[in-house]
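Next, two complexes with chain A in common: one pairs it with chain B, the other with chain C.
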Partner chain A sequence: MHELINGVLLGGLYAAVALGLTLVFGVMRLVNLAHGELLVGAAYVSYAIVSHTGLDPLLSLTLVVPAVALAAYPIQRLILNPLVTHGLEPPLVATFGLSIVAQTAFVLIFTSDAKSLNASYAVTGIDILGETVPQVYVISLGIGVALVALLHLGLTRLRFGKALRAAAEDAEAAATLGIDVKHVYAATFALAAALAAVGGVLIGVTFSLTPTTGTSWLLRGFTVIVLGGMGSVWGTLAGGVVVGIAEQLGATWFGPQYHDLVVFSLLVIVLVLRPQGLFGRKLT
Partner chain B sequence: MRKGWRWMLLAAGVAAMAAGAAATVGSAARAGGEITIGTSIPLTGALAPFGPTLKLGYQRAVDEVNAAGGLKLADGRQKVKLVVLDNKSDPNAAAAEARTLYLQNGAVALLGAATPPLSIPLSKVAEQVHRPFVTSVTPVRAWLTGGPYKWSWDFFFDELQMTQRQFQASSLVHTNKKVVLFTDTEEDGVVMGKLWTQNAPRFGYRIVAHESFPVGTTDFSKYVADAKAKGAQVLIAQMIPPDAIALWKQMKAANFRPQTAFCEKCSNNGAWGKALGKLANGTSEAEWWVPEAGFPQSAAFLGIAKKLGGRSSDVSVVAAAYTAAKILFDAIERAGSTDADKLNGAIGETNKTYPLGPAKFAADHHASTPIYATQWQNGQTYLVYPRLKGAHKLLAPVPGLG
Partner chain C sequence: MTRRAVVALLCAAALAALYTGPHWLSLYDVVIAFTFFTYVTLAQAWNLIGGYGGQFSLGHAMFVGIGSYATTLLLIHTSLPLWSTVVLSGLVASAIAAVAAIPLLRLRSVYFAVGTLGVSLAALSWMINWGYSGKTSGLNVPTSVFLSFDDLYYAAGSLAVFTTAAVFLISRSPYGLRLMSVRDDEDAAAQLGVDGFRVKLAAFTLSAFFVGVAGALIAIQKLSLEPYSAFSLTFATNMIIMTVIGGLGTIAGPVLGSFLIFELQQQLQSYQDWSTLITGLLLVAIIRVAPGGIWGLLRQAAERATVSITALGRAPAPDEARAR
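On to the complex of A and B.
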């Protein structure tokens, strides 16, 4: 029971972490290797704000989210947009380069010491079906589900969402219809960064962060979206929950040193049986 | 046949260049009247908390020697040049950098990194190139698993003695003698886990739970629930700081408050207190330097502690690094030369008291330092065991988890 409860709760956090990754892939077919650094960078921005103001980390998101989104827009517009039309490899390599630059910057500014975003709900427990879990796990699930629902609504109901889906479906056709595809791509990247900011702050509150923390979370994020279906928003939530439960059960049944083996074995099995992931590849 | 002489000429030329390069490397170590000492340390990566303080300790020793005019050799004084590389906490990078330092930079000897995953690969390179390597901040038994060594030397605590301190310190307060171990699957975690299990009965303690997990584990709530269910009142952890921060948060959330909580490799740096704030209060750890021990330069290192933000294991790493460097420099002066064989022999003859304590190497090239138990109290670490003059009272149950 503990494994199921923890797995579902952590699945919400994993979904929050991975949502931006699936959005960028769904629209631009871009595998963003700097996504981990977006998570960690946002957490560091929150750390800086919280250290100076005493603001609660989740409340700091009101400042962190727009800051990260504003920083991400020109990165896509000026660096990645020109590369997107040259195939898959150039933007992939570019995002890898950006991740290295970001990690180095984190070390220089914040040092390599492990840091933590401290909040009372990170160290307070809540009882669920007889199991005591950290309150922040429950908050993470709530936030993860809310982000998925809001993103789905945005993509299906808002004009920008429709433009985004049109660009994802066929960029050339969307352009002929008057959609500014370059702006859509940049805005998508900014939105993905904003979502990553939420995930990053949750990581900092729930666990800890170092300049290289993003790498392991990027891997986890990829696992979530591939299992759930790359480009599928609800699939990301499902993938997050599946990975969360698989990790917990894998650690219990086979030992904690095998939980990665269990998760990646599950990933391979799902891909063999259903290559498009649990929910296919569709940007809704 | 006509082409044959050209190949012979080419081979001879290559051989001459190689011989010249080897001679250049050998003499480059003292080119311009300088002795090159190298070190590959973790300035970034998971073990980065050790890097800057290792560098500080080595540089302090180098500056001290150079301020005195350099090391005294048979043919006069020569200053020391310290070459520092960042191995990013990666064992493969450490090994590659060791080769670079020895073979390209011409280092006559290397000073070590921290922890066995880094120090063992560095030692192995020293054994391959036949040049000395002196390290500290590396538990000796785990380090010896990479041996046998002819060119490598380690002056640090013996895990057998270190893994007794947690029980001895815990006996200062009342507990039910039930212990939970949290150890990662790195070499030192495996070695320490076995030693704690071995030592516990000797002091009347019982291991009721042993949670073992890979580095990078984030969710410990199941293990905390297990420890709580089994009534453990003594917690001993061996894990890296990022993982330990998550564990401490989850222990507080689960309302698990042991009487004593030791966090080895994790709370042994100043960042622990900064990261966790009040939650860090009451965390204990084994320590290899305290000013109360009264070894050389205690006051000076206490002054360094103040500059680093207060008493913590950061200054212990500085003291350890300084000691390793001084052992090497004293050996160079005794040898009167940087010849590898003479220098190595001189290191083996070390018999002197340094800031870490008396150093005398055994046949397997290790020397053990004294070991203490300290506890985080209001943002600094203080000696709690043994009860030397100036020791603080051990606070129990762990205040930060209450």
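On to the complex of A and C.
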């Protein structure tokens, strides 16, 4: 029971972590190996703001989200856009290079020491069905579900969401209909970075940060979206919950030191057995 | 003189220079040459599966760690001669690669890349918790094992030459053609009767063998090892960067790339983070403007020079004209 509750709650955090990956893959078929660095980078920006102004980490998102989105737009527009037409590997290599650059920049700016975003709700507990869990787990689930719902609404209702889905479906056809695909791609990347910023700050509050933590979060995020069907928004939430529960159960059965091993093994098993994911494929 | 003769002569001169190295290099250079040779080996081994095979493995760091641990464990628990533990370590890496390949090589493209990264990180978390290999405190190579700097130089140098020669011969063999046909279009290759899985499996296990042997030498040089550095993703990062910057799927490219990265690291020795930063930027720049790598650029420039010489007073060949 304990594992189920924690798993479901963490599932919300995992969904927030993975949504940006889903979006970028769903629209551009691009596996962003620098996604972990978007998460960690946003958390570091929040750390800088929090330690200078004493602002609450979650409130700092009002500054972090636009900052990260603005930084992400030109990365897609100038570096990745010209590569996405060259097949799957060149953009993969480019994001791989970007992840190395970002990790090193984090070391140079923030040193390799572990940092975390301090907030009262990270240490105080709350009772749910007789189990005490950190408040931030509940907040994460709320935020995760809200992000998924908002993204779904945005993709189905907003004009931009429709343009984005059109570009995802068939970029050439979308271009002939007057959709500026290059802009849509870059905006998608910026939106993904904004979503990652929320996930990253939640990671910083709930866990801790080092310059290289991004890699394991990238893989956790990838496990979530593979389970969720590679590019499905609601699937991401479901995938997050499955990974959350699996990780908690694994930690109980094999010992907490094996929780990474459980996630990475799950990734490989699902990739091999059910590459189409558990919950279908459509973007919305 | 034909082009082939020039290349053969250059190779012979390079080999002679390498062989006599310890006689004219300073002791410091002999010591650091070890690192350069392992870079060439790692890059060339990755080039076999990543460049010629087109399978973008992000998990090759795992085979360095497996080779390091295998040779150390063999030295601790058996009385086998040193050289045989090194070869056995390569075989252990190959065997594990073959097992891992059964699921991994069914994945295509980016799925394969992410899958290999997952396996590599899973292997690292396994090693951190495995009592037999000393968990995070790691292992020491028995003190009875001692190699002089010259021995290490020759061991790593021979491995680099052997790996490069092996990849060269493979790339020019019928098997190499099958491997590249799978890279270029797996479905079309299958139509021609090429079993993509088996072709990739051979390249993957062979690549792991060379990486495992290099890992064994690295352990013997360092004399102690622990999981985080032995399975460090930096190994995989370096292999990929050196190969892509030099030229993916060429023989000279990985050697050139290893040399560039090695020199950069030497020059910026006291600013290691900056050299990593530059390396990352270089990778992004290369893939963006010259996906063929630096060797590709050089070759293009050379071809343009020859074409402009031979094209003087020659009408374009029919298919050339059509291509325009």
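Methods note: the second predicted complex is superposed on the first by the 262 of 284 C-alpha atoms of A that agree within 3 Å, B and C clash if a C-alpha of one lies under 4 Å from a C-alpha of the other, contacts with A are read in each partner's own complex, and residues count from 1 in each chain.
Basically, contacts are C-beta pairs under 8 Å (C-beta built on N, C-alpha and C of every residue); 3 or more make two chains touch, one makes a residue touch a chain.
Fair warning: this is a prediction, and the values are worked out from it, not measured in the lab.
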Report for A:216: first if it touches chain B alone, second if chain C alone, otherwise both or neither.
-> both
Could you tell me if A:107 is touching chain B, chain C, both of them or neither one (first, second, both, neither)?
-> both
Partner chain(s) touched by A:124 [first = chain B, second = chain C, both, neither] | first
Examine A:257 and indicate which partner it touches, taking first as chain B and second as chain C; both and neither are also allowed.
-> both
Where does A:59 make contact in the superposed view: on chain B (first), on chain C (second), on both, or on neither?
-> neither
When the two structures are overlaid on chain A, which partner does A:133 contact: first (chain B), second (chain C), both, or neither?
-> first
Given the touch rule stated above, what does A:10 touch, chain B (first), chain C (second), both, or neither?
-> first
Pick one for A:90: touches chain B only (first), chain C only (second), both, or neither.
-> second
The intersection of the chain A residues contacting chain B with those contacting chain C is 107, 216, 255, 257, 260
Flag every residue of chain A that touches chain B in the complex, lowest number first.
-> 2-3, 6, 10, 107, 111-116, 118, 122-125, 131-136, 206-213, 216, 247-248, 251-252, 255-257, 260
Contacts from chain B onto chain A in the complex sit at residues 43-46, 48-49, 51-52, 185, 211-214, 216-219, 221-222, 225, 240-243, 245-246, 249-250, 252-255, 269, 271, 274-277, 279
Can you list the chain C residues touching chain A in their complex?
-> 54, 56, 58, 103-104, 106-107, 109-111, 113-115, 117-119, 121-122, 125-126, 128-129, 233, 237, 240-241, 244, 273-274, 276-277, 279-284, 287-288, 291
Chain C contact footprint on chain A (complex, rising order) = 31, 33, 79, 82-83, 86, 88-90, 92-94, 96-101, 104-105, 107-108, 215-216, 219, 222-223, 255, 257-258, 260-261, 264-265, 267-268, 271-272, 275
